[in-house]
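After the structure tokens below, expect a handful of questions from me.
Labels A, B and C are assigned to the chains in the order they are written; within every chain, residues are numbered from 1.
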Amino acid sequence: MRKVFLIGFAVMGLFVLAIQRATASDLEKVRVSIIPINDVAPLFVAMQNGYFRELGLEIDTTPSAGGAAGIPGLIGGSFDVVYGNVVSVLLASQQGLDVKVIAPGTKVDQRETDTTPILVRSDSGIKSGKDLEGKSISVNTRNNVIWLYARAWIKATGGDPDKVTFKEIPFPQVEDALRQQRVDASFLVAPFSVISRQKPGLTAIANPYSDIQPGVDVGQYITTGKLLSTKPETIKKFAAGLRKGAEWFNANRTSDAILAVISGYTKTDASILKSVALGAAPLRSDLTQVKKTMDLMIENKLLTGPIDLAKIIDPMAL
Amino acid sequence: MGERLGFDHVTKIFETPGSDTGFVAFDDITLEAASSEFLAIVGPSGCGKSTLLKMAAGLMPPTKGKILLDGKPIFDPPPGVVYLFQQYAKSLFAWRTVIDNVMFPLEGAPRHQRGDLREMCRDYLKQVGLDGFEDSYPWQLSGGMQQRVAIARALAADPQVLLLDEPFSAVDALTRMELQTLVLQLWERRKFTAILVTHDVEEAIFLADRVAVLGAKPTALKEIIEVGLPRPRDQLTTREDPRFLKLRHHLTSLLLARNSGHVAAV
Amino acid sequence: MSVAGTLEGTSRKRTAGSNRRRLGKRVYGVVLIAAILLFWEVSSRLGWIVSAYWPPVSQIFQAAIVQLAGGDILVSLAATLRRAAIGFAVGSTLGVALGILLGRSKVLRIALLPLIEIVRPIPTPAVIPPLIMFLGVDDALKIFAISLATFFPVFTNTFAGVATVDDTLIQTARTFRTSWARTLLRVILPATLPAIAAGLRTATSLTLVVAVVSEMIAGSSGIGYYLVEMQYALRPDLMYAAVMYLAITGYTINRLFLVLEARLIPWMGKT
């Protein structure tokens, strides 16, 4: 019995050790939470090209599949920077969380590279939001950016979003759900939106971002106000390195070199990635675009009232 | 030498839900076992024999009165007083081997003495006729053998007072006689004070120096009888002794009278 | 599968006759599994099911075998098992300790039982997102969640087990003047072991589930994250291969547990 207890204590010791992290490097470590999708390619470009190292930073990325862990992890101190979408940032801010946008992440401003369509079965006859009334549409999560623009599109095309059933289906499962008639329409992102149309039967009827709000700032890199005041230099260096990565990305986004980078962190086959067009990475956040999103959120009751955007979006992002 | 153990005006009342007075198990009992005496207590089932013995062992406090060990009142289980349970099978540790069960009372001893103590325990097991079963588990043994393990374990605690609660009630008649003889031999050798509770009149006479008779409810001490049969006692000759038969007649009629009210039935 | 098979073989000694009968019965199980796999293969190859997530079984087995030569699955599995093991150890140690202490101490029972009863019905996955704020997204969070999931079945079984310990055993310890602490360790704990073992066995499967789920919610390593990652990377062959390894692991752990139980608690069910 004594042995059992000794082992118990040893295990608890290990537990404590496991929590402590060893840092043995001259470079300053920046922990970044990412979602392993095309959108964060500029960050990985900057890492691989050594832009951060030149500035004395070491980037430690933590992928989070759904992105759900991002902002809570930022507030909890697990991350220094988080890639997140505009709606999450505004929601966090409304909840009184101390979030600050320090760099733009994703912008949809060219229809040709907008790979986020609404898909329906080709034989369904659905063409507009009006047609969707009494039917169902899938989003990955309710009350997020996808949900918001799906509602906006339904309304813009003559439908009442409240008469459409919203179902939560993870992106990878959307194609099966559509084909098996478990849902009538889906707002889908790349590469799934591209892959699922390679076999016949599914059609894209709209691109809500391009249709509703061309130029929408979908994704941002955010940090906390506290970090911004205690380590302003670090954050500035991060934004600078990232911007350099975005510039390189924009110059090379049609080359095969970029495919290798993305394949490296998404684990997706380069052959699949090749079929997905890459949009240009934004270099600056656009306050008017964020304000439009905010107004949409108020209209859809995600926000109770306007937020002072100047307080959330740090000048370094502009 | 065994120590004196006495009940001094002992009353036990069990609190029962729904009754303010509670259940009076027995009222005002005064009784003493002399040093190294073998005292038997007989009484009908449910009259409070186990309760009496548990109080003597310090496992249960009396409601009124005192339990005295060599004249000093006791509260918790005192050193040197060992209670041998009526449900002996349940009192053995199933996860320990026979020898480790017997070692249990000695495990508080310093580490360097353990080897010697283990040898001693082997010797106790030999005394109760269990050599060769040291490494068996209790559940691999027969009922009689389990009771022997319990006895060996009680001996290991080096008792000054041994309290035996119907120790042989669950074994067959032959085993019962063997175990009675064993206990008598051990008692004669070790000279502890023994208090035996039983409802078997013959067993009480065969083993004891004196027999205390408890009556039915409300339980009180009815009579104390001197046995006076010569020792060493023998399962055959002692039981055939005319004095044995006379005592048996007397005690049985006493118990039956308490129960049914007509002695003529004997 | 072969690992589990040998374990089974050594765990019990059987006569040749019963062995043959067992084998006979086993054949039905194998045939059923083979039939399902065959159906899977055919349905995928012939395109009965049009889905990017329905690869032929042969492709999955191939992916699984390639992974044996060194790949992310085994590394991920190791990461998951490490967390699961630590969480299991912490949760079950606390579960046993508190189960016994609360079982025997009225003061502790009054102080702690209401808290435990309130936390118990909360499904562990539900507490992961809010806990990220306090514990971050790394091992601390996952190990905490795993410990929590392990704790409850172990605690509940231990606590109930203590209540059923025969009073005679406790009184026996008293008559030999055994101290409170020694009674807990030497009498109550071993007497409760069969109940504890039942709790631990329930906990093992739960432990693995919560380890995987926590990695799916807030993961960057481990088999749970790997599953989601492969799903998003459109690699269903690797995803199912990971599921297969997970199933084998769960099965092996359960068998191992039964063998250990029979070895270490031989008096189980015998009093």
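Operating definition for what follows: contacts are C-beta pairs under 8 Å (C-beta built on N, C-alpha and C of every residue); 3 or more make two chains touch, one makes a residue touch a chain.
These figures come from a predicted structure and were not determined experimentally.
The touch graph of the protein chains shown is a line. Here C is the chain whose Cα centre lies closest to the centre of all protein Cα atoms. Sorting all chain pairs by how many C-beta pairs they have in contact places A-C at the top. Centre-to-centre spacing of subunit A and subunit C amounts to 34 Å, using the average Cα coordinate of each chain. As a whole-number value, the distance joining the C-alpha centres of subunit A and subunit B reads 80 Å. Taking each chain's centre as the mean of its C-alpha atoms, subunit B lies 49 Å from subunit C. With touch defined as above, subunit A holds no residue shared between interfaces to two or more other chains. Along subunit C, residues 186, 190 each make contact with two or more other chains.
For subunit C in complex with subunit B, the touching residues are 166, 168-169, 171-172, 174-179, 182, 186-187, 190-191, 193, 265-267, 270-271.
Remark: subunit C residues 50-53, 86, 89-90, 93, 129-130, 132-140, 143, 185-186, 189-190, 216-220, 225, 228-235 touch subunit A in the complex. Residues of subunit A that touch subunit C in their complex: 1, 7-8, 11-12, 14-15, 18-19, 21, 33, 36-37, 62-66, 68-69, 72-73, 75-79, 170-173, 175-176, 179, 191-192, 195-196, 199, 201, 266-269, 272. For subunit B in complex with subunit C, the touching residues are 54, 57, 59, 76-77, 79, 81-83, 85, 87, 89-91, 93-96, 104-105, 107-108, 137, 139, 157.
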